[in-house]
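Same chain, two partners: chain A is paired with chain B first, then with chain C.
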Partner chain A sequence: MGARLWLSGTWLGLLALAALFAPWVAPHDPLAQDLFLGRLPPFWMDGAEPGYWLGTDSLGRDVLSRMIHGARIALMVALIAGTLTCLIGATLGVLAGFYRGWSDRIISRLVDIWMAFPPVLFAILLIAVLGPGLLSIILAIVIIDWTRFARVIRAETLSQGAMDYVASAQVAGRTRFSTMIAEILPNILPTVIALLTLEMGIAVIVEAILSFVNLSISTDSPTWGGMIAEGRTSVHQAWWVLVFPLFTLFLTVLSFSQLGEGLKDRFDPVLR
Partner chain B sequence: MTLLRALFMRLLTMAITLFGVAVVVFFLIRVVPGNPIAMMLPPGATEEDITRLQALYGFDKSLFQQFLIWGGDVLRGDFGTSISLRQPVSELVLGRLPATLELSLFALVIAILLGGLMAFLGTLYRHSMAEAAVDVTSGTALSVPDFLWALVLILLFGVLWPVFSISGRVSPSLDFDFATNFYIIEAALRLRFDVVGHLLGRSFMPALALAIPLAAIIAQLLKQSLKETMHLDYVTLARTKGYSETWVILSEALPNAVLPTLTLIGVQFTFLIGGTVIIERLFSYEGLGNMAIDAVINRDLPLIQGIVLLFAALFTVINLVVDMLCVILNPKLRHA
Partner chain C sequence: MSGFLDIKGLTLRLRGGPTILRSVSLRVASGKVHGLVGESGAGKSTIGKAVLGTLPRAIEITGGEIWLDGVNLLALPPRERRRRIGATAALIPQDPLTALNPSKRIGPQITRRLIDILGWSKADANRRARDILDEVHIPDVARVMRSYPHELSGGMRQRVLIASAFAAEPKLIVADEPTTALDVTVQKQILRLINEMRARHGTALLFVTHDLGVVSKVCNSLSVLYAGKVVEEAQMHRFFTQPIHPYSRALLAATPTYLDPDGSLQPVPAEVIQEVETEVHQHAQRAGYDV
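What follows is the complex of A and B.
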């Protein structure tokens, strides 16, 4: 089972490096158009142009360079939106699970309401309200997905709170608040980290869906979702414009998910 | 009596949830930038026209008043008029609901068959390469959401090997007049199985995309429950009686192992329906979700409100039905 941790970790590491050093790694300007170089096939096919490894799209933009720059946006959204969602959702979950009473009732009711929204529709609606842009996408993900953390962490905190070590900490004279921070928090941290990794994969998908329906960032920034949307319309003339970004997105989402599942197993073999 | 009480409490929380959804949707949409009124008017409309239309749609009143009026209308079944399509929202939305329901139910059937088959094979060939294959397949299927499976299916069966339709609910060449919007059910009732086949073929790709993640969840949970049950004494007894392994799994182990999976399917079904929004878009399927995305792009406030409320109502009703079914099916919960 260590293999999937390593495989997914390696892929995400490579992706992160490519994203970080995108301007140096990418062979071309991702926005540069050249109509004479439109729809060039990838390097192993007839008619390929040297230097354009994965071919070009209908406007002559380099597919590989666009994918590398798209990785920047995908990973940025994953990191920022994932972390923020985790912080807010986990905090609310711990509060509801540890203090129970009114905080629990309000938070659980909010979770119920949130669960009644179809998430994709909710995301599209929020982008329409917030306006397109990177910040809107991150905000939309946080607003929609905090319930994932709140639900699981609340349940986890409830079960931890009922354990003897919490009672003994109380007897030993710890305050409620310091019990929560010093005793409960370290014990739910593995779950939080596993959920955070899964959430990053979800954030990548949400960003891709939003740019796919053309509600994400301005068209100047290449995104995987945007490339997939463009590639789909010309798939019969230039399949590579769709296939490479789709494959990358697939592998990235799979990696985040496998990493999260792997971490969950590694930290806690009895979890579920 | 406790069952009735539980039902009443559930109905109450359901009402509170729906009210919450209505509040969120209403106030969220009121902050949308971009004036929908301006969009409806031809260029060259006067200031007077704008005021008149604003009064017509009630945009000149306070937010709270608007909410009260809108809420009252909704309770009477009046969801207003769509701005972009200029028809009553309730008509538009109810007209599209059957398409989405049929797609979701078709996907559910596929998920149950596919997931059940995988769980069965994994149990029959447990502790072998076949079980490992089932685990890896379901693990991968679960890790990737329906949106990506849809794109993969489009690529494989729509482009590389074009055997399935990837666009639209009905072929334009189909010569058949539907009286209702439940196309598949209607065709089946009218005994036109050729039409049923046509419709199922058209929606097979989107339904499969929706079904893959759920099938994986079913495969994992059902296989786990089946394997646990296979150790029990009564199953061993059945085996010593000489029944085949297939028979033992299907008629002895399955009835006892299926309950947790049924509960899970109930919970997951709402997620599946939520997935139809983007899947319908991908396959140009004329359902609620596709209409919802158009409504958002056109900033058609009444239509968005209507669709979101309908989805929310559908989800809460399904959750209620699932909870009640669990109580009825599980004797342990009956007196709880």
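What follows is the complex of A and C.
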């Protein structure tokens, strides 16, 4: 049984707990500035202050506390945007792949048109229209990325639909709708789950990028992307302000994709 | 004589495209085995699908009647048609790999129809599933019922599918090349099993195949299909002794196992193909189809 499932699950679990209980877990107020404590190094280096485990930024704010609070926003976006994208994209994909005909033509055409836009440009354009903010980020992710689900799930549904067990179910009197729900859906679920967790990872990245270019929420709520942007300007004097959030971001995105792969194998009866 | 399954003048075509079946008529008498032979793409599976109501939506029925147990299926509303088919007919599919739902255990896949269509209790359905699996010589029935399809061998899966088809005591089974996907040794056992089950349960069988050797072993009568048209319908013995249509004669000549087991494989001669093509065209023109 996969070590990656456990490793990624553990990391994401810890992160979720930290995010959920951020006010109690974080050692400091993430917004509290203290210019006398600016650019403190992490705990193992000379000049570290006890209590500031991962050091402070140039304004004297605690890096660890800011990262923990940043996890709230990252995970919230991941959860909401990922789930919504999945619901919309997978539903359209299943409908197109199962009913084919005109529903497929419309949905597939829409996907083609959609995917002709470069996603990053699309995102920035959307945010410009919607205005910066958490809701806009979530909306942008959903609006851009539903095609990823629709395309893959449509193909998967199409191939499942061509299998003889579907014909057998219909000879046995199942309606088309109940065939879709009860026979086909369980077989595409592993793929849906893998895509969903992957999408959560993508949502985390997108949120970080948009925070990085300052299109996310107001600058005083800590976000990983915002921290990376700030850390970049002082990387020679205080590398830790950049490296810790960057590493956390990397680990989180990796964990999401690994969790997806692990769960897929777990759920797939043929591989189980 | 009217059959248990009586197809009259069935004509199908791809929506906005070519005709796939041209006025096909065939009968399967109660408890008898009717073979349906023809080369790949002739429309054999399509006939089976039309009978079982599983035609893809790209195909539309433009004419004809399908009488099953005295009722014209095509005249029924969809719901009622589904119920009737579910209660009287079943399918033994070609590919045992894809014919069982990979994410469901064997037991529920067999009992589903009994519970859904025939309204059996779960306990009765389970008992029935165990009995019928036993009947197709499956060892360790309890374990198999709990297994997922991928845990069984191809031959075993085909046995499960046969059991599943017979479970609800259908009066007609459509077997669409039930042995093509299996290796030769297993093929024989499966063929024997289908025949044995069919005889014991008195089930009529529409047996789709492109193997005349198989037909000669299990069928009472057969229809030869070419390009969506029945070119010959005959009793078994008459067909093998005096095939009428040139295409049938060519098919027989191309089947070394029957007429001359040691003979080399003869392709269907080009002039015969030409002859059939011409005939199909003439027929189409008479009937006003586009080809």
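Here, the second predicted complex is superposed on the first by the 263 of 272 C-alpha atoms of A that agree within 3 Å, B and C clash if a C-alpha of one lies under 4 Å from a C-alpha of the other, contacts with A are read in each partner's own complex, and residues count from 1 in each chain.
One rule holds for everything that comes next: contacts are C-beta pairs under 8 Å (C-beta built on N, C-alpha and C of every residue); 3 or more make two chains touch, one makes a residue touch a chain.
As the structure is a computational prediction, the values presented were derived from the model and not from experiment.
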When chain B and chain C are modelled together on chain A, clash or fit: fit
A:Glu183 contacts which: chain B (first), chain C (second), both, neither? second
First, second, both or neither for A:Leu87, with chain B first and chain C second: neither
Which holds for A:Val235: it touches chain B only (first), chain C only (second), both, or neither? first
Going by the contact rule set out at the top, does A:Leu139 touch chain B (first), chain C (second), both, or neither? neither
After the superposition on A, what does A:Gly173 contact: first (chain B), second (chain C), both or neither? second
In the superposed arrangement, does chain B or chain C reach more residues of chain A? B
What is the contact status of A:Met163 with respect to chain B (first) and chain C (second): first, second, both, or neither? second
Partner chain in contact with A:Met115 - chain B first, chain C second, else both or neither: first
Between chain B and chain C, what is the shortest CA distance in the superposition, whole Å? 17
Interface residues of chain A shared by chain B and chain C, listed none
Parts of chain C lying in touch with chain A, wherever the complex brings them together: 49, 52-54, 57-58, 82-83, 85-87, 89-91, 93-95, 98-104, 109, 112-113, 116-117, 148, 150, 164
Chain B residues touching chain A - in the complex, by the definition given at the top: 13, 16-18, 20-21, 24, 28-29, 31-33, 139-140, 142-145, 147-148, 151-152, 154-155, 159, 270, 273-278, 281, 289, 292-293, 296-297, 299, 304, 307-308, 311-312, 315-316
Chain A residues within the chain B interface of the complex: 109-110, 112-113, 115-121, 124-126, 128-129, 131, 201-202, 205, 208-209, 212-213, 215, 228, 232, 235-236, 239, 242-243, 246, 249-250, 253-254, 257-258, 261
Per the touch rule above, chain A residues touching chain C in the complex are 100-101, 163-165, 167-175, 183, 186-187, 189, 269-270
